[in-house]
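You will see chain A twice below: alongside chain B first, and alongside chain C after that.
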Partner chain A sequence: MSRIPKEYIINRLITLVLTILIAATLIWIIPRLSPVDPAEIALGRMAAGAGTVENADEILATLRAQMGIDQPMIVQYIKYIKGVLLLDFGLSTAAFPTPVSALIANALPWTLGLMLISLIITFIVGNLLGALMVWEKTPRLWKVAIPAAMVFTSIPPILSGLLLMWIFAAKLQWFPLTGAYGLTVEPGWTWTFASSVLQHGFLPALSIVVVTFGFWALGMRGLMITVQGEDHTTLAKAKGLKPRYILYKYMIRNAILPQITAFALKIGLLIAGQVLVERIFAYNGMGKLLYDAILDQDFPVIQGVSYVIILLTALSVFIVDLIYPFIDPRVRHEVA
Partner chain B sequence: MTEATNTPLTRAEKRQARRIRRFDNPWRNPKLIWGIGLLLGIILLGIIGRILWNLDLVFTGSATLKLPPVGFENLRRQEGVWDYPLGTDGSGRDILALIIIGAPNSLFVGLLASLIGMSTGIFLGFTAGFVGGRVDDVIRVISDVMITIPPLLILVVFQSSFGDVSLTLMALLIAGFVWQSPTRLIRAQVLSMKQSGYVQMARLSGASTGHIMFREMMPNLVPYLFGSFIANVTTSIVTAVGLEVLGLGPQRIPTLGRTIYEAINAGALIQNLWWWWGIPTLLLAVMFIGLLLINLGLDEVSNPRLRKLS
Partner chain C sequence: MLDDVTPKKPVLTMADISIEFPTPRGVVQAVKNLNLTIHKGRRVGFIGESGSGKTTTALSVMQMLAEPGRVSTGTIDLGGTDILALNEEEMRKTRLSRVAYIPQGAMNSLNPIMRIEPQLWDAILAHEPGTPRADLKSRSDAAISSVGLPLHVGQLYPHELSGGMKQRVCIALGIILTPELIIADEPTSALDVVTQRQVMQTLNEIQAKIGSGLILIGHDMGLMAQSVDELAVLKDGELVEHGTVKQIIESPKHPYTQDLISSVPLVGGDSFLNPDKQANAPRRDSTQPLLRFEGVSKKYGAVTALHPMSFTLQGDTPQIISIVGQSGSGKSTMGSIMLGFNPPTTGHVLFEGHDLQRMSGTQSLEFRKNVQAVFQDPYACFNPFYRVNHALKFPFKQFGLSQGDKHTQQAMEEACVAVGLDPDLVLSRYPHQLSGGQRQRLIVARALMLSPKLLIADEPVSMVDASLRASILSNIYDLKDKYGISILYITHDLATAYHVSDYVMVLFKGHVVEAGPPKAVIGDPQHPYTQLLIDSIPWPDLQRAWGHGGANWDPSEQEAQAMKVGAVYRGDVEGFDLVRA
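Presenting the complex of A and B:
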């Protein structure tokens, strides 16, 4: 850890802790400012199930005691923060009495898997295309096509998702329309399950890839222009190395590193965008969990999902910031 | 190009001449013009549509359900009619009326949220840069913290607990999440400009802080501010549409996002009702592409080095 000054780490840690605390507090305060009473929602659900409910007032009081909302605010808050730090968000009200953390634990692997795959593909495709935009030996057609494709970067993945879904799932029926795996497939470590997962994951991943690669490509383009003019590239050319070799070993290798910090800036928007993609594809991840919870007014789940996603974002930004000097030894953190 | 030559110019020379002329006025940037044109188109759609089209058609049941646009046929073999040129949705609302009301609304949310965020950012950025010390620390830490929190998720919590929100309230809420990047940007610029010769000069000649801020520094910040503003408009619209697609936006006025939400829920994709979700999607795409082009164009206007490359 000699490369990072201690002050910097402490600074970043404080920011991380504050981010988590502020997010948790916001998520806690907002529902309490609203006139909606969760106990009444629960009672309403009972009434809808049973037709009539007798001694409603007593039930309301019991429910309030169970949910802990009869206690003073400050006690509730301390309890909540303690729970949140241990990733305990209480019980889901719609799927009572499943703990929220269990629901999230089921959904999270799907979201992370989809995100990781689409991120890796975008990173490779985007950076390669960005590099090709600058390289002298790129075919003319590519030089025209890549900037044109850049237009898609501005579109949120939910719109590209709808379009791809319509073309490839509804019209051509090459891919399934919704879900993360087939209804008839038993989850397990089998080939049928794996292929079903891949088939279902293809369109959601693609819809993220087509709209995010341009972000990397544009960044790469700027970096490549700088690298192109540097002495080592000229020297490599003068030595008569193969152009392709120069591209990979001399230019891209040097240009790619700052792209990793760009990732840290973008990750929050990426995750939020993916949540929406999961919602339209009814993919079994956090997005679907969140959407279902919104429909059911299941506040513990809404809070839990929002909190976990913000936590993930903050953690990944923190980690990228910290490991960056190890990836790129040229960078040294300044003490602010 | 002062001497008049009779020899016809070669193609390359002509291109170069055209380029030089283009450099004369950087504002005549094709990307910028196209971008502004696309956005103006959407605004015009809202204005002219309101005059020429009967907006009562936006109410449920004002037409036959699921009619296709003119020239197409739906699964029930009904043909599109000129009364509802862009077709109707699953509850008989006219799509044209929907987009006439919905499209400018999305733009309005984006512009309002971004404008408020921008003003907050300018204020906080200047304060942090000028006052420094404890105030600077607080502003810097808060904006560092807030920049990692995705707005969508906090707003999901807000809107699901408060229920229906108005368009303006939604814009205000989004504005709470788009002030960080202008704040950071302006703070950094102000810190570096404070040391520069002309600001020192102004200070020595006794100019007031207000004068230094708005007369000396602000003009240099304009290109950054514009770029940041447009980027924030995009973020705001994306967030607003995201909320609407989750079913959380305003419930009583038609928005593009809500139309998409209803279309997905009604299974419009399987029923091949492409106009229902496709037309709002297309409009949103046009809006985002327009904003991107404006941003790219502004980049080129303010940074001549980029112009040479294209």
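Presenting the complex of A and C:
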């Protein structure tokens, strides 16, 4: 296996850093275009709690100073970028004065666990089913059943989530209704905790798998049809290779390449797509954090979550870029 | 050719074979009651145009007909085995071990993510499971070297090989299990003449060595004449004539066979397009040269595709200038530079005195109207979602030539008639409903509607059936002769260049090696490279043997040699000045 050229890696690294910087800047600019003043919101919240607030102007000024929004824009920006690079997004305005990074650190493992597992399951199931839709040796029953199963893809996740909850949690009571783990379970590295987490994660994961496998299956089906028509598939058959070997080594192996790029892009999109699923299942992940932050107009949290989404997406694209030359030798040729 | 060899035992007997494709609109008969026997060691050519059923017939032997095709009547006997009675697993084992297939598209026939060696190994393992690695290695090495490739090719990926090398790998694959029958489906159609000769000679040598039968599918009568023993002529799914090459070439009986033979343009004599030299292309008033190359060169990274070149094409005398060469000679690069799609690395391209790279918006629009292109692939030139009249109408209106719908319609109809198409029949159709020849004519008609001053035709007939080439070339010739359009004809086909052009430039590795009137350059080549090109053309003439000069072909040595000789200039033509290097 020949080595990847240094220029290629440097090139990709520069792209990665630039993407992150530009995205961070956009995330900073967008809330500042809105006329809402977070200090006033915080004051409003205090007022709502205490009835009246004395020295409103003074408190407002203090809040602004604490939030750092009394300084010139450019100073704020430089401070923000510095912070962002160290994963410091300031303090949450809704859960003041909890640092945003602490909130994210609490939520991220839940989401990553749920998301990665369901994404990997969907990727495998979806691509395999998509490939089977095209393969000439697939049993006829499967060829009818797979497209029929696509019906689920057109169901919005919110509905499928509710449906699954109703069937499996409410009626059959096989799985708990909401939450990431049982209320009575003490978090820790114990078997009870782990099984509780798995039980609680099953339905949200299933609802994600059911609604998203069609995306992979349909994409894979298109790619497989192209590969099936290619000369090397015809020659593989003329070589007398076994049908299953042709399916894996000649067809899926070639068709899967664009899907791997799509997989990297999906990682970022999924956090956003998961907002409603987490909300329904009261699952304390990034989606729910983002949802609550939007309701509370908690800008630092919104910024922090958006930034983490972008960071994850950019990192996964970067990793795919690095792996790609190993899974597609033609790319290595182009970069050399 | 060994015409008098007594036929040995048959390897393939097809008796009363009919192949049909049931479609929603009814059953299409692709092959009708075909009878054919192929003997051991014999090479049989299947010749016919696209849609004649030649590939379908051959694929039925492999049981690899495209869905929903099926053999409806008859029997296929492969060396004593009834192919149609085999079950799927038995058929799989028969493929490659007894009947091998060498596909047409050498470019994409190998799995892009696997090295060459494992692709030879998996073929052996599919038939002889458990073959030890050392055995695999020695057999793949033997196969690779038998087709004249260096052994390190086994470690490479398909994209690292040239088209000719890939085709050789496919041959190596085909013979690795010494089959009784090899089916080669246009194995050289994607290769240039020089490579074609090497690959065909390699295939023939190896077939003679293992003594298998060979079916060579093709549409090139010259290639057939030079490579097979027997010819089977197919037309619309019927075998219209079958005999030895000698019988068929020297005394074809069926009118279709006669057409196939006579439609191959030969080098020599007068141009069939302008036999009496009466052509008198209308002159144009022009003060500025139409097209001017000033020291134009093009580099792609470290590779020089085109070395500095300067010429002037005058605007007042329409001429057809041919640019010929192998793939990689820089001829298509020249075409894309002329069209302004590809900026030159050095130098300037001037159209009527304006630099293509520094044109204003209006100048650029004027340039686009005045310079039209006809490309190789008549399929890819149409948007499949629109009827073809859209493709004709759109540029006409876009350039502001239309004076209302009636005028547009009239212009379209005139243009169709000018290229020999019936406007009522073609204009309201979709591209997929037309033949390749009709599509290519429509592209010529579209160019004609804009009354351009210059037409750049990049391999306009290489994907069109042989019998239609002559008439499309005469359409293109008429553009000059009747409408006074200057034409740059880019091709690898020296025979058509001979007939069409007024001036020929032979390109090799981005250098002009020989230039002048076609009768001198192609009729009596002086430069060793031009001689090699002419020598590599397979002629449909049994007296004119296909030389064997290609076996030791070494491009780098050839280049050094060609450069040593330098360019040969064979005379001038009015209206075109090539600056001599």
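Everything that follows uses one rule, which is that the second predicted complex is superposed on the first by the 257 of 336 C-alpha atoms of A that agree within 3 Å, B and C clash if a C-alpha of one lies under 4 Å from a C-alpha of the other, contacts with A are read in each partner's own complex, and residues count from 1 in each chain.
FYI, a contact is a pair of C-beta atoms (placed from the backbone, for glycine too) under 8 Å apart; a residue touches a chain by one contact, two chains touch by 3 or more.
Note that the coordinates shown come from a computational prediction; the quantities given were computed from them, not determined experimentally.
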item: Touching partner for A:Ile158 - first (chain B), second (chain C), both, neither; value: first
item: Contacts of A:Gln297 with chain B and chain C, given as first, second, both or neither; value: first
item: Broader residue contact with chain A after superposition on the shared chain, chain B or chain C; value: B
item: Contacts of A:Met73 with chain B and chain C, given as first, second, both or neither; value: neither
item: Chain B versus chain C as contact partner of A:Ala56, first or second or both or neither; value: neither
item: Touched partner set for A:Leu116, first chain B, second chain C, both or neither; value: neither
item: Partner chain(s) touched by A:Ile323 [first = chain B, second = chain C, both, neither]; value: neither
item: Overlap of the chain B and chain C footprints on chain A, listed as residue numbers; value: none
item: Contact set on chain A toward chain C in their complex; value: 136, 230-232, 234-243, 245, 249-250, 253-254, 327-330, 333
item: In the complex with chain A, residue positions of chain B that touch it; value: 141, 144-154, 156-158, 160-163, 234-235, 238-239, 241-242, 245-248, 260, 264, 269-270, 272, 274, 277-278, 281, 284-285, 288-289, 291-292, 309
item: Residues of chain C touching chain A in the complex; value: 62, 64, 67, 92-97, 100-101, 103-105, 107-114, 122-123, 126-127, 157, 159-160, 170, 173
item: Residue ranges of chain A in contact with chain B within the complex; value: 14-15, 18-19, 22-23, 26-27, 30-31, 33-34, 36, 151, 153-156, 158-159, 162-163, 165-166, 169-171, 177, 225, 268-269, 271-273, 275-276, 279-280, 290-291, 293-295, 297, 299, 302-303, 305-306, 309-310, 313-314, 317
